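So, here come the structures, one by one.
In the two complexes below, subunit A is the common chain; its partner is subunit B in one and subunit C in the other.
Showing the complex of A and B:
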């Protein structure tokens, strides 16, 4: 995977928030890469830093409390953290795009759909390609919003949730980005619409060959769409694996717990498996493995030192003392 | 129980919204009619001296006549005509003040709320400082530099009234900036300037409408007060506050000189306040401003 084909590479990225109580380490030393046209799933529970990872890539970490303090975010080999505001603005919406969680609040209710789609073109000097309205209709057509010629003048509150999300996906891919970050794109949608939206994303991905970083809670979505999975826990990536390996042979105890806690259709069980305890407070994370307190296989070393990343296979890495040499002693 | 109560309050709210303030709208309509058509409606020019009928009481008192319905002052000027002409001064001065401090306040509020950090801190401390200036003394200072005139009032109020707007706009901007649609706009590649002008500002227009309507009433009183104190509009202009000041010395035997301009101020202010309250219920049911 570590080839020149990587369009995005994160190296030791740390995004911290300074609060009145102290520094919250929302994203703490994470590294991963995404190849061209790849769909990578980033899973983890709420508050594990998934969204902050995506915002760090976009350069949209909430200011002034949050800041990406260390690391490199290489996009086509250029460090995004070294770009100034104007350069980042040029990249956003053009080369990197993003889809947000709740479509109903992601569009400005008092501006027309046409205006908001138009922004994607207007601020990237693409308006010369044709009339703005035609281009907006084209976007809606591509994402299969019914009768786009009429709906393009509508306002977001006249759209259903699914249509809003389609519109947002349309905006995301309008300029043919190399990377699309989807932050839980289906969480706020009906189950029936979820499937349609996922299908649309897959189709769009095949057409444009954009890489997608799919952030989600939903392991079903990951299984359906992704080629690789990154598991995040308490601000750190604890396992990276190809999707098949991840489902058949998860290694980190947390990942195993995640897979076990998914209900399986047709299998009867009285209680669903759940991982005991709560994720640690990111204000004062434990020195050792962050999962140690909840881990059934915790060893003394787990609470003392953070485990190194161990490669089980070429593209399967895990950060756990169970697999590290020192842990076996 | 909770649902019942909630339903009750929803009902009460919708009733409040449907209650159109006919009285307030009536006052404002009369006020605006007089402002626009006053020149043709008023029986006399505001500076016409009817020397034959000085200090004439209103028509319903002994000695009154239909020629001067609300009486005349010691120079024989018709009180009704002066009140009608004076409405223009009141509204023009109030709107000019709002135009000046509204612009300053809104721009600073948007910048402060959206950029946050040290900029926000600086602007907010400036607000605190500004609000700490003693109003009448500053007014006297401005007037003593510029000389008493309507313009001096506009300059004084225009430069001193903005912190209230800045604070409210800042608060609105901060809560709007948390929204996902702002984030999406940034994802789409909008600059900060674009986001402020085309995404945030249109969303605070409702609030501003309420603020401005409620402010006009207060400003009419404030400008009248300053004119009453002799700091503002100068004779022979028919400003309501100035008319009250001029009538002050005759109050024992010519009460109509001070009462009628006062009544005019009261109804104009009442009209704007009633309509402002109603607008608040209609446009902004969630929030309590002020």
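Showing the complex of A and C:
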């Protein structure tokens, strides 16, 4: 791994929630790194801990129930977990920014677009660089909102869903961040608009060379945009692979099942492959591999002990006893 | 083999008036949510309707269910005109046509046990004694893959996929011949989505059901449907057998939709991306409503409205490029 170029590195991060019923292990001991200019896809089903991973990085885990209890989140070598609120506020929206799922909800409907884009500059003392309005128009221009000079005074409800998401992407890249976290950026959009937004994100990434952590449940989006894939299941990362390896040669039984269960246009079969059963409850997750109960190839050891992470290739790791056994022999 | 027509829709329109003002409100415009659409579904077939948000797919579903009255046009379900049904006959009609909605978190009453949810249609229609209804509810739950021992739990104790199974069990309770499914899997995860699609296909086979599936996901629709209709701004722009639509898409919008769907294969890159956004249905473009975004737009497209043309048997398209 290219340690020198890593802009973000997570080591054994655990984010737990204390509830009246016990501790929910939403993110349990995950480690990964993102290099400069990389687009990394974090895929998983709902409740697998994808969003909590991103909120842990941003230091926005809902308080007081949730807390990142262990691990290190190194951003340019500095541990974000050790920073205080004021220091984090300086980083958020400047060096790390975030795009949320629902564009209609993440913009304030009663404040003008200009005011909301302007906030990004005002909070980070960049308003002195030029006229705020000009800068806001520049942002809208960059993300291709039509006639930005006129639309800059509009309110979000006058924008369509696609335009709102463009505006949010614009706000995200306004200060030239090193890392952009996109949490399901296209889930709420229509197919043709989704394609436009994906193309825009790709273009923006090429221009700014920011790294993107793309959180999604849509394997199609990942294939189109990402260079590397991390698969999460029940709070753990079970496979890390380059995008081509992941789609052509997935290793973890869950990853294989996930890819097989997506209906593909033009490849109609009588039945879809489906993974039987449900993901485990994170309140009392099983001690062994969390996928063991649904896995067709489960062995006795799978339910007893969590499998170690095994490297199949330099950049392809998998946590599964099927491969751990092979590694030992 | 003669095919029996289950649902026939002729020139169906639904216009919603847009009003302004509170006391002296007046109509300032009309949203043509569904504008002169026609299609038919044979018994045992599945029609999938795809389109982007606001194209009128769900309004079509509501009209066929009789939940909304059409502005004009006819919906004939097994020989009966749905819009003309009232009172007793509408009540009877509901036994034949059932629905499954998008969000299983909202479509199930959180205060009722699932046993009650599934047996409610039976109680409303007074089918059998209370003991028979009880037994039938358990059978239904078993049929959709829910352990009958969990019948006394409440909906919040189930996951999204299980709740959708319960909603399907409820829809099946009166032995309907037609089920309208409005985005049945879009709230579910990929692996669960596959389970529900398989279940739907099994049930269709077992009870020889007719489905009308509404979805924005072309891949899902293609997988379960025998026929597909593509809607844009309240109109059906292309209607064709499912396999044919994928192999030989004719309307530029269908092609754009196919190209824009991200494929789970890194070697297949996104093709040409459609410019612009869906216009407001309150003020749709003249002529072909797709012309402002169409890559093959001709001058006549802006003024002339097109009718559906049959290109090959069963494959209809509404586009000037294909009308001779």
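Definition applied: the second predicted complex is superposed on the first by the 324 of 329 C-alpha atoms of A that agree within 3 Å, B and C clash if a C-alpha of one lies under 4 Å from a C-alpha of the other, contacts with A are read in each partner's own complex, and residues count from 1 in each chain.
Basically, a contact is a pair of C-beta atoms (placed from the backbone, for glycine too) under 8 Å apart; a residue touches a chain by one contact, two chains touch by 3 or more.
No experiment lies behind these values; they were computed from the predicted model shown.
Engineer: In the superposed model on subunit A, is it clash or fit for subunit B and subunit C?
Structural biologist: These partners fit in the superposed model.
Engineer: Scan A:119 for contacts with subunit B and subunit C and give back first, second, both or neither.
Structural biologist: first
Engineer: Check whether A:150 is in contact with subunit B, with subunit C, with both or with neither, and answer first, second, both or neither.
Structural biologist: Neither: A:150 stays clear of subunit B and subunit C.
Engineer: In the overlay, answer first, second, both or neither for which of subunit B and subunit C A:45 touches.
Structural biologist: second
Engineer: Determine, under the contact definition given at the top, whether A:193 touches first (subunit B), second (subunit C), both, or neither.
Structural biologist: After superposition on chain A, A:193 lies in contact with subunit C alone.
Engineer: Classify the contacts of A:271 with the two partner chains as first (subunit B alone), second (subunit C alone), both, or neither.
Structural biologist: second
Engineer: In the three-chain superposition, say which chain, subunit B or subunit C, touches more residues of subunit A.
Structural biologist: After superposition, C is the partner touching more of subunit A.
Engineer: Scan A:314 for contacts with subunit B and subunit C and give back first, second, both or neither.
Structural biologist: Touch partners of A:314: none, neither subunit B nor subunit C.
Engineer: Please provide the least distance in Å between a C-alpha atom of subunit B and a C-alpha atom of subunit C in the combined superposition.
Structural biologist: 5
Engineer: Going by the contact rule set out above, which residues of subunit A touch subunit B in the complex?
Structural biologist: 58, 60, 63-64, 85-86, 89-90, 92-94, 97-98, 100-102, 105-111, 115-116, 119-120, 123-124, 168, 171-172
Engineer: Which positions of subunit B touch subunit A when the two form their complex?
Structural biologist: 116-117, 179-181, 183-192, 194, 198-199, 202-203
Engineer: Across the complex, what residues on subunit A touch subunit C?
Structural biologist: Residue list for subunit A touching subunit C: 45-46, 160-163, 190-196, 198-199, 217-224, 243-244, 247, 257-259, 261-266, 268, 270-276, 278.
Engineer: Considering the complex alone, what residue numbers of subunit C touch subunit A?
Structural biologist: Going through subunit C, the ones touching subunit A are 52-53, 159-162, 189-195, 197-198, 201, 216-220, 222-223, 242-243, 246-247, 256-270, 273-275, 277-278.
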